[in-house]
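Next up: some structures, all given as structure tokens.
The two complexes that follow have subunit A in common; it is paired with subunit B in the first and with subunit C in the second.
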Partner chain A sequence: MLLLKKEQLLAWLNKLTQAYQVFAPVNEEGCVSFKQIEAGDQCTLDYTNSKVPPKEVLFPRSEYLFCYRCEKEHVELKEQIDEHKKVIFGLRPCDARSFLLLDNVFRNERFQDPYYLTRRKNTVLVGLGCNQPPATCFCTSLGSGPFATEGLDLLLVDIGDRYVLEVLTERGQELLSGMELPAADQEAREAAQKVKEGAAVSSRVTLEGLKSKLDVSFDHPLWDLIHEKCLGCAACTYTCPTCHCFDIVDEAQGNEGCRVRSWDACMFPLFTLHGSGHNPRPTNKERFRQRVMHKFKYFVDNFNATACVGCGRCILNCPVNLDIREVIAEIQGTEVRSNKQ
Partner chain B sequence: MLIKMQDITKAMQEKARELLQNKEVELVIGFSKGSLPLRYTPCFIRQPEEAEKLAWGYGCENNLAVYLRKRPEKMAVIAKGCDSRSIVELIKENQVKRENLVIIGVPCRGMIDRQKLSRLLAGKELREAEIKDGLVAVQGKDISASFPLDQLLYDSCLTCQHPNPVLYDYLLGEQVPARGSDTFADVAGFESRPPAERRSYLMKELSRCIRCYACRQACPMCFCEECFADCSMPQWVSKSSLDVQANLFFQAVRVLHLAGRCVDCGACDRACPMGIDLRTLTRKMVRDIQELFGYTAGISLDEKPPLAAPIKTAAGHV
Partner chain C sequence: MKNPYLPLPMRLVKHFVETEDNLIHTFTLEFLKEEDEKSFRYLPGQFAEVCVFGVGEAPFGIASSPTEPGHLKFSVARVGVVTTALHQLPEGTILGVRGPLGNSYPIEEFKGKNVVIIGGGFAFTTLRSLVTYILHPQNRGDFGKVTVIYGARNPGLLLYKEELAAWEKRTDIELVTTIDRPVEGWSGRVGFVPAVTKEVAPSAENAYAVVCGPPIMIKFTLPVLEELGFPPERIIMSLENRMKCGIGMCGRCNVGNKYVCKDGPVFTRAQLNQLPNEY
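Coming up: the complex of A and B.
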């Protein structure tokens, strides 16, 4: 554990921007998101959590996969793989965990996604512990926590005028080269410990038994009503650090264009609309069920993990205050009923 | 006299219970207490004994008219001034059957803008709030403050000319006085800026757009079977958000599609998770429709929507 004075932070960030693309929380009109910064003073570490999660650094809202030009006899292709070295600075532990979950999707037996994986490989994660978790966070129920280190390379613990820096990996160590930081003394360690103990996550969900309930609930009447106030937008999925659905389209003009991948959402009817006009998820009921099932059942089936890190963004951003914690509680409260009944 | 929110809540519960008990309706759409401080959330009540979930307060910010289309059953809805105006337009557009709908009107004193509050709290988290005598007392970790209610209301509420429902079957509470007339000074201010400046302001706002379409989904009047933004043959607008221009184009067309239909309820603006200023566009259009056609949306069932009626000019009908 090392010690970093707050006044050293700027110089460190400035130095990092020389060698890396640094993505850090930036406040635009009260809306905090991870943006590439040119200098350390552009970033704010005084924030609860970003509006849009840092997943957008590795898996952008929209990205070119490749561009092409068709000539008479041949096609010219240019792949767009982003190989820049990056640092995501000041992300929360829950968001670091989300990358571990996303890894399953983009790197598994069936698929290797070079776009995500190249960025992932070249990105170092510097976490910032949460001294004051907001009331909408329930990360501790999902295997994370305000000072969880899983997935991070470095963790900053704010102890007032200084940060206690936990070096977690060699890549993290590399970011500190030339810094010659002192080791955290006894007093600083104790202060960090106190900060950690004071950071209570008050909100909880019960995951125990949830998956086995969902296993047999596809046809349960609970789905008829639970979605009713949902408007079918993508405020929840686009701001969720674990949601990862996408759409691929060609944006072309004349004989040249690019293939673009953009976020898509299971809450949109278009997401499952077939070319024939048939839609296997014709109403909001099926779409809302899909969102819940994917997070708490299918992802568990596929990767043995729940696709939620308890960041609370969907709760804060839903225009009708449809609270995922209440949805979980309601499912937990229903009687188990077999699919076949 | 029903002025207190608690009294309105009680009256609302009683009316809902009665309507359900007498089988006059199968469903009551209203609000219940939400899961965040100051927040209320849309709720759907089908059993008389569930009516006690209904609640009324300064966080009933959603426009419930958005839930009324394509429902076969007889239902009742809680309607503020703006909700009732959207209902009027929906009836005129044959989207809602008047005879299937019981409108429980509630005069509205304005709703609290939690974003304004959060700016005042400089990002500190609100944990609890209490409203008394026109003051909002807020509590949180390291905060304890009190703000005049008026300072916290949505801009759309501060310019609202129709806080009282324009169409209703029952009215809960006393009519509230409308605020001083809406001069659209904000629109005039925007228009007075050079075109390049206006454009760069809108581009800057829309650069944050993530294309979640919460604005569209929250609007009671945005109900096209297939939104032009979703259409792929032909593709009218880029599906990606790489190009801010496309975000602006989406918004511009959305707003134009609402000409003479938008009631300036502000639901789209509120729904936007990115805090993008959508009202500058919607209000410009509302004001233009008033100036060009002398029409204000959602005021009367008889007045023809401007784009459906023959255009009157100095020379007569066209």
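Coming up: the complex of A and C.
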């Protein structure tokens, strides 16, 4: 563990921007999101969590897959792989965990997504522990926590006028080259310990038994009611650090164009609409069920992990206060009978 | 790292109006690069994403068979933006193809068995691939009796009419074609596919059934197959769902925890019985 004075932070960030694309929380009119910064003073570390998760650094809202020019006898393709070295600075431990989950999606047994994976390989994650997790956080129920280090290369713990810096990987160590930081003394360590103990995540969900309930509740009447409040706006999916659905479209003019992928959401009716007019998930009920099932059953079936990190963004951003914690509690409280015996 | 999003360039060498209602056109494509042709190794039942540059891409079952080297064939109904654009393309146009994608019909399991192939309407595309594959002189000996039951609303809507006529003449395949209502000059059967399947009554002994068609046909054909004694493990079906990536990432074609693009599109009825009815 090392010690970093807060007044050293700016110089460190400025130095990092020389060698890396640095993405850090930036406050724009009260809305915090991860943006590329040119200088350390553009970044704010005084925030609870970003509105949009830092997944957009590795999996942008919209990106070119390739561009093309069509000639009569051939077509020229130009791949658009982003190979810049990056640092995501000051992300919360829950969001670091989301990358471990997304890794499963973008690399399966047959295919690898070079866009996400190349960025992922070239990105160093510097976490910032949560001294005061807000009331919507339930990360400790999902295997994370306000100071969890899983997936991170470095972790900053704010102890007032200084940060205690936990070096977790060699890649993290590299970011500190030339810094010559002192080791954290006894007092600083104790202060960090105290901060960690004081950071209470008060809200919890019960995952135990949830999967086995969902295994047999696809046709349960609970889905008839539970979705009713939902508007299908997809604010939950767009602000979710583990949602990864996307669309692919062509943008072209004349004989030149690009293939673009953009975030999409399972909450939209067009998402699954067939050309024939048939829609396997025709109403909000099926779409809401899909979202819950995907996170808490299908993802568990496929990757043995729950596709939620407990960041609480879907709760904070839902326009009708639909709370995933209550949805889970409701499912847990439901008596389910197996419909396939 | 191989980029699964990059299409292989192909030239449209034949654009053929397949059905008399002009809804289905068959496109024959040739690889521009020899190395692409070599690397594109597929089996009947697989699909590919075909793109019209500037418009977009969409998934289609591959209608040609790997025993027909040098080209790929797709039979496409005009329903949306990409398919409408495809239908307007002149021969010679350069297209993009990504694939092969998805799993295939379980050809290895079919070996030494009788194969009953049941198709309806324009869902006959990958079934054409399968029949062509089985009938190839190098492969025919690997399979037992082959029965094909194929129905369409009227004779003009049957796909691959020339090939059907050729199969009719062969003795190593039993071809039964049927149309919904009688038409003058029609020598095949009249009736819906499930009823005709019941009449033909292919034996389930040592046999697999492959069923592809509109949902209503599937719905009524499955009980007939069950009655004939085909267990769910030996009824093979192919699903369609809206797709974008075709490689199990974009999230829209799943049925339960399975992705039609990556884990399918071919499933046994036994597998589908384990999945929610959301397709």
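The working rule: the second predicted complex is superposed on the first by the 339 of 341 C-alpha atoms of A that agree within 3 Å, B and C clash if a C-alpha of one lies under 4 Å from a C-alpha of the other, contacts with A are read in each partner's own complex, and residues count from 1 in each chain.
The definition used in the following text is that a contact is a pair of C-beta atoms (placed from the backbone, for glycine too) under 8 Å apart; a residue touches a chain by one contact, two chains touch by 3 or more.
No experiment lies behind these values; they were computed from the predicted model shown.
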| item | value |
| --- | --- |
| Touching partner for A:249 - first (subunit B), second (subunit C), both, neither | both |
| Subunit B versus subunit C as contact partner of A:317, first or second or both or neither | first |
| Partner chain in contact with A:52 - subunit B first, subunit C second, else both or neither | first |
| Partner chain in contact with A:134 - subunit B first, subunit C second, else both or neither | first |
| First (subunit B), second (subunit C), both or neither touched by A:223 | neither |
| Subunit B versus subunit C as contact partner of A:73, first or second or both or neither | second |
| Touching partner for A:274 - first (subunit B), second (subunit C), both, neither | second |
| Intersection of subunit A interface sets (partners subunit B, subunit C) | 247, 249 |
| Subunit B-facing residues of subunit A, complex | 28-31, 33, 46-48, 51-52, 61-64, 132, 134-136, 225, 228-229, 231-235, 237-239, 247, 249, 251, 260, 262-263, 265, 268, 270, 315-317, 319-323, 325-326 |
| Touching residues (chain side subunit B, partner subunit A) in the complex | 34-36, 39-44, 62, 66-67, 115, 118-119, 123, 125, 127, 141, 208, 210-214, 216-218, 230, 232, 235, 238-242, 270-271, 273-275 |
| Interface residues, subunit A side, partner subunit C - complex | 65-66, 68, 70-75, 77, 79, 81, 105-106, 108, 110-115, 117-118, 218-219, 244-250, 252, 255, 257, 259, 264, 266, 271-276, 278, 280-281, 286, 290, 293-294, 297-299, 301-302, 340 |
| Residue numbers on subunit C that touch subunit A, as the complex places them | 1-7, 9, 32, 51, 53-58, 77, 79-80, 83, 94, 96, 215, 240-242, 244-245, 247-257, 262, 273-274, 276, 278-279 |
